[in-house]
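Below you'll find a set of structures to go through.
Each of the next two complexes has subunit A plus one other chain: subunit B in the first, subunit C in the second.
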Partner chain A sequence: MTALPETPGAAPDTSPAAAADRSDSGHGRRIFAIWLVVAVVIDVLFVFLAGPHLPPGAMTQNARSQQIDFTVITATALPVILFVWVYFAYALIVWRHPKGEPLTDGPPLRGHFRIQASWIAVTTVIVMAMFVYGTVELIGPAGAGGGEGPAPIWTPASSNVLVIQVIGQQWRWTYRYPSFGGFETDQLVIPNDTAIAFHVTSLDVIHSFWAYQLGVKSDANPGSDNVAFTTTGSATGTFIVRCAELCGIWHADMTTSGVVLSKSAFERWATLTEVKQAAATALLPKFAWSYTPDANGADGGYYPDSKDPYSSVQTYGS
Partner chain B sequence: MTIVAESPVVTVTDEPRQGWLSQHLGTAVIGAVGGYLLGHWAGNLIASGYPTVTGTAANGANDVAVVLGLSFGVFGWLLGIGALNYPLAKLVGREPLAERPSVGWSRYFRFTLDHKVVGLQYVIGVLMFFFTGGLLAMAIRTELLSPTTHIIGPGTYIAIVGEHGTIMMMMASSLVLGPLGNYLVPLMIGARRVAFPRIEAASFWVFVAGYLVILTALPLGGFPTGWTGYAPLQTQATLGMDAYLVGFAVIGLGMILAGFNMAVTIINYRAPGMTWGRIPIFVWSMLATAALLTLATPVLFVAGLFGVLDRTAQTAFFVNEHGGNAFLWQNLFWFFGHPEVYIMALPGFGIVGEILPVFTRKPLFGYRVGAAGMIGVSLLSFFVWQHHLFQSGINPDMRPLFMLTTELISIPTGFIYLVGMGTLWRAKIRFEVPMLFALAMYFNFLIGGVTGVYLSDVPVNVTLHGSFFVLAHFHYTIMGGLVFAFFAGLYYWMPKMTGRSLNKTLALWHFWIMFIFFNLTFFPLFLVGLLGQPRRVFEYAPHLQMLNDLSTVSAYLLAASMIIFIVNFVWSLYIEPKAAPENPWDSKGLEWATATPVPFHNFDRIPLVLTDPYRYGEPDAPPVAQITEVPLPPRVREPDPLGSDAGGVTGGGSADG
Partner chain C sequence: MFAVVVALVVFGAMAFVGSTPPAADYTQGHQPGQPVNVTLQTVGSIGYGVHPDWVSYLAEAPGGQWVHTTLLKLPAHSKINVTILQYDSGSPLRNAFFGQVQGTSGGDEFINGKPTRLVNSNAGNGVAHTFSVPALDINVPLLGVDPSASNFCSTPAPCGSAEHYTVQFSFVTPGPGDYRFQCFIPCGLGYLYGNGGPMSTIGYMGGFLEVTA
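Moving on to the complex of A and B:
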């Protein structure tokens, strides 16, 4: 036989202390006041102290805008987090069940239309604001450094865009400069104050080109072209390139560095390298937006040669 | 006062226990081994001459043999445990053998029709998954102690990373619905059984089969793709990849079965008076989760099938050079993968929603808002998956669209905070162990959820995607949210499920060490990701070593808290068990109104439900249900509770809730 347990303490507390306790607005005001002070202080501290130092730094326009975006999101999120924390802390301290006393129940508050409606309204407004802001930031600095696929819709304002092809393979990065004869190098050298288009592709599996300080991340997909833009600022210096998509055993080792030079230094380097590597460049597959490995890669090559029965079929460069 | 008594009808203890020659775990193992050997042999027969992706079968790299071996092995496992007896009998037009309900401790090793036994089997099952994945995590963190000194090779490391992730994700999909959902939902809705007891039991044995399949990946050499399995690396990989693909297909099958059964049970087996407005919030979360399990998992199953076919039958779903597209895997996987993570979030919401009223002695604030939030999350979760592909080269028009849907889903996700905070208002809070875990869930999930907002913002996503920030985000939501909620539920419902309580002192040590060191393990990883460390690496920039070491040392202490839990679990249940009071938490839930131990048929009479289980603070409120006590004549053989008139004899109606 089963019977329902009689749960003790079914009556709400009617002591004088509880009557004083019943002033809802008192609690609400106190929580709001504590929250307001804490949120403002911490928000201001964060925006001014941490803001300028946030990743990924300000080396390029899109990196700077990502930094600002991060600051804005945190400045919005911090008050929300603090509201929950202040509320929980207040509740857990003030509304404990008195120790050792027989079990009593709290008031049967099952809902409150205004509070529920306000919560839904406020969270919707915050979320929609984040969406609008994020979209604006995405469009503004020409795609914010992310890979837009082969047909980008957000392009830099400047008409003078330097094209660099980034080729990922297991497990290294190489770069081709089509405006300088298409030479291939493992050094990523870029000029300052220039809009740059990275055309990222892969020769085998999916990698991801992540130039941290440039604020660029674009997946390297085999057989396809993923375009990401950046506009360098006037600062010169080095930056790190990592692979951000697991591509096999040595994924962790696909780390190199690149350098931002002044425009004249870059020109000198590029023309010099073009001349130095002319012989090697002639042996490379013709420059193309993506490269398909030789259909019969039994000898491991991406380059057709006389040994391949299908060597008359040009699968790249056309 | 509640009477703890045996039901007056003939109980199953009068029947002799099934012996060693019946079907049990042992026969399942025999079936699995036999099936594997048969499949492997058949695979070699078919395909020994094929050139496979990584070589020819002559050098042992025969994917066909592995795939067939694993598949036949799973089939043999199910045959051995007796999961297929009923359908096979019906298939050949015979009446199935009468199923004798098994008794005693051996029923936990058998295919059983008692949803409560399945629930307890799942408890052991999920803990097995969890601790295996946890050991692998310890290996990962140990390797990351130094960026230059390596204790394991890169191939082994990446195999361990993938295995850890896959095992944990497989476990977390059923972490709550399996043990707690299967055990408690029928009790909470006043039912005597689930809708499909055989499907439910099969889901457990398939779950265990999935565990064994994914474990075989390690001796087969591991898989190099991580749990996300991206093609073309997937197509390039050696034999361990087949275990991943078959393993996911098997686990997916179990998830579909479990979800389907749960949804039908909740919709059709509610007791009279149990309207949609009266079901406990935990049941709402189980319904929302079941919907996702049933609708999203088939996509995973199909994706795994495509991958297997590419690697064995020379199809080209994911092979660019032959007209397929590697992109397809990403889309199929994440179309499942995003609902999957809500499969992991929603049960946590349900548990804390159930626990808070009991330990605040107040009704759940905003019950309808909470339930609406869960349904909203469930629906919206199908529309956000491209946020995993923001940098993959998708059509750029799609990015603001999916940014919008991802931001929108944070609105219903936030409702659980409205509900929790409202329930805490002017409450009478008791800090019992389940409440501590529930509060910790709120704390952790807040951090996890807010960091998700960063990832949903596309410009910031450019910095954060593929870095440790993402890793810290999902560990905060899945481990900090779901696993903490799971422990809350386990400590809370253990007295009902086993009649024993877990030791309170050990539980408090477990909680505090777990909470503190969980945060110390994963919070530094946000910073590490922000500072540029990609995921799944064994080497990193030297200036990040201190943060990584802080994380590793904390991880060891987090593991120590799990050892405390295991000691508590084993001690309190087996070594020095102490009987727990009937309703130690003074909860008004209907599940607490059953006898302990809960009889096979749950309720002597189908209850007539009068109200929801949150009528705290109302001295005149009716009890949650009316369970009248009418003595039955002794030794009346009760009609088969699984027959068509289940419950009908008691006049309470059965399936038409």
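Moving on to the complex of A and C:
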């Protein structure tokens, strides 16, 4: 040990008491005990108080699943950061340099195999556990609300699926309901307690359909059918739809809202809209899973593609 | 010296980036409860300026002069009577959904005086543009004129008595705010999917209703 320059002439504290204090393994036990109590209390508070309010909420099975994922991952990570904070606070308080005493250098660090091995083992287990958990959760339920392309692997358990086509174009979303005559509207209305297949496509550049509270996010590519599933819960209410892909100068303005209605209210709305939109629907192209816009601009139509439906999942109302 | 040059360059760049066309101010002298009359033109090419071949709107300012702008300052909670003199040729809509009239008072537009709620853009001369305010759910398709007409507008705007449709509709402004309007015909010829160039530029086909209290 050597005296630091700030205290020239100060003698290093080589007393047996100081040496004993520095080598006191009780510090480790105390830090561990404090951390354990703090971590358990804060983790429990977090899981039960904050968890149910984490985004994206619980409007659909996907959203609820994502909320649980965020809760689990955060509850796993919290003890790690709490350990760092507890150690930091302990060091600041317990090992604070007493005023008036000369500054002395600490003992040299020598490797500590048990601590190092434990740290590597524990962090490896945590990271691998989160990796496995996150990977499994990426596919459930029913693709976890992500776009699965035109031939989805993970589909809802229900065979009674409401198909809604989501059409992006600079800079607005519209929706077609093939189960109700293929009418198109700029209102996204869905029923509660229902499995829904969003068939997402674009008429121009790449957009991304992000219905955050539904736990659904799916890229909208021109000429492509990108399917994402969700299953609504019993709750009704509004949700936000955003474009999550920079799609041009008014990308930020490509935001709208949707609504979850009761099944009966949805049926009434859809049936009424089908009738009201009949004349406009007659001018639309035949329903198709994707469309091929003309890249040249003003001469571009809304041309149906000839792709087949993605799977044998039945459609709503069949 | 170097610092002065840098400052001038930065100042010039900021001035260029931040520059906007003048607004047509329809709030001056407006009495509460009175409707506001707004007259616009859509022309196939503005005929002057930096982009003389770009499709564009013009607004008739309250003083009667035509202004090359798409910034329309309007009073809140007021009835706005819009007249659009449409001089451009048309094409099919990329999405025929936008052939519907939405969000206007009574649900109609009046094309040369004829009430209309739905336009088939695959028929006739198609649709030249749509006046669409997404946040207000307003959509008004503007019929295209015959490009082979003998008096098709080929002069710098305004186009005066050239071949055109007169489209009229009304709507009520909401509370104060900036409400963007755009065209849903991809009329930016030569740009990716027709939505660049004039479609993305304030002063041409993109604009704002600046609603003030």
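Throughout what follows, the second predicted complex is superposed on the first by the 246 of 318 C-alpha atoms of A that agree within 3 Å, B and C clash if a C-alpha of one lies under 4 Å from a C-alpha of the other, contacts with A are read in each partner's own complex, and residues count from 1 in each chain.
Definition applied: contacts are C-beta pairs under 8 Å (C-beta built on N, C-alpha and C of every residue); 3 or more make two chains touch, one makes a residue touch a chain.
The structure displayed is predicted, hence computed values, not measured ones.
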- Message: Quick one: is A:W250 in contact with subunit B, with subunit C, with both, or with neither? Answer first, second, both or neither.
- Response: both
- Please determine whether it is subunit B or subunit C that touches the greater number of subunit A residues. B
- What is the contact status of A:E184 with respect to subunit B (first) and subunit C (second): first, second, both, or neither? second
- Task: Check the residue A:W269 against both partner chains and state whether it touches subunit B (first), subunit C (second), both, or neither.
- Result: neither
- Thinking of the overlay built on chain A, is A:W289 touched by subunit B (first), by subunit C (second), by both, or by neither? neither
- Query: Looking at the overlay, what does A:L103 touch: subunit B (first), subunit C (second), both, or neither?
  - Reply: first
- Name the contact category of A:R172: first (subunit B only), second (subunit C only), both, or neither. second
- Kindly classify A:V205 by the partners it touches after superposition: subunit B alone (first), subunit C alone (second), both, or neither? both
- Query: Which of the two partners, first being subunit B and second being subunit C, lies in contact with A:F32: first, second, both, or neither?
  - Reply: neither
- Task: Quick one: classify A:F46 as touching subunit B (first), subunit C (second), both or neither.
- Result: neither
- Item | On subunit A, the residue positions that both subunit B and subunit C contact, one per complex | 204-205, 222, 248-250, 253, 293, 295
- Query: So in the complex, which bits of subunit A are touching subunit C?
  - Reply: 167, 169-172, 174, 184-186, 203-205, 222, 248-250, 253, 256, 279-280, 283-285, 293-302
- Message: Going by the contact rule set out above, which residues of subunit B touch subunit A in the complex?
- Response: 1-3, 5, 7-8, 154-155, 158, 224-226, 228, 230-233, 236, 320-321, 326-327, 360-369, 390-397, 399-400, 403-404, 407-408, 410-411, 414-415, 417-418, 421-422, 424-431, 439, 442-443, 446-447, 450, 453-454, 456-463, 465-467, 530-532, 534-541, 582-583, 586-588, 592-595, 603-604, 614-619, 621, 623-625, 627, 629, 631
- Message: List the residues on subunit A that touch subunit B in their complex, please.
- Response: 1-13, 21-22, 24, 27, 54-56, 62, 65-66, 69-70, 73, 77, 80-81, 84-85, 87-88, 91-92, 95-98, 103-112, 115-116, 119-120, 123-124, 127-128, 130-131, 134-135, 137-138, 143-154, 204-206, 208, 210, 212, 215-219, 221-224, 226, 240, 242-253, 255, 292-293, 295
- Interface residues, subunit C side, partner subunit A - complex: 91-97, 99-100, 118, 120-122, 132, 134-135, 137, 180, 182, 184-196, 199-200, 206
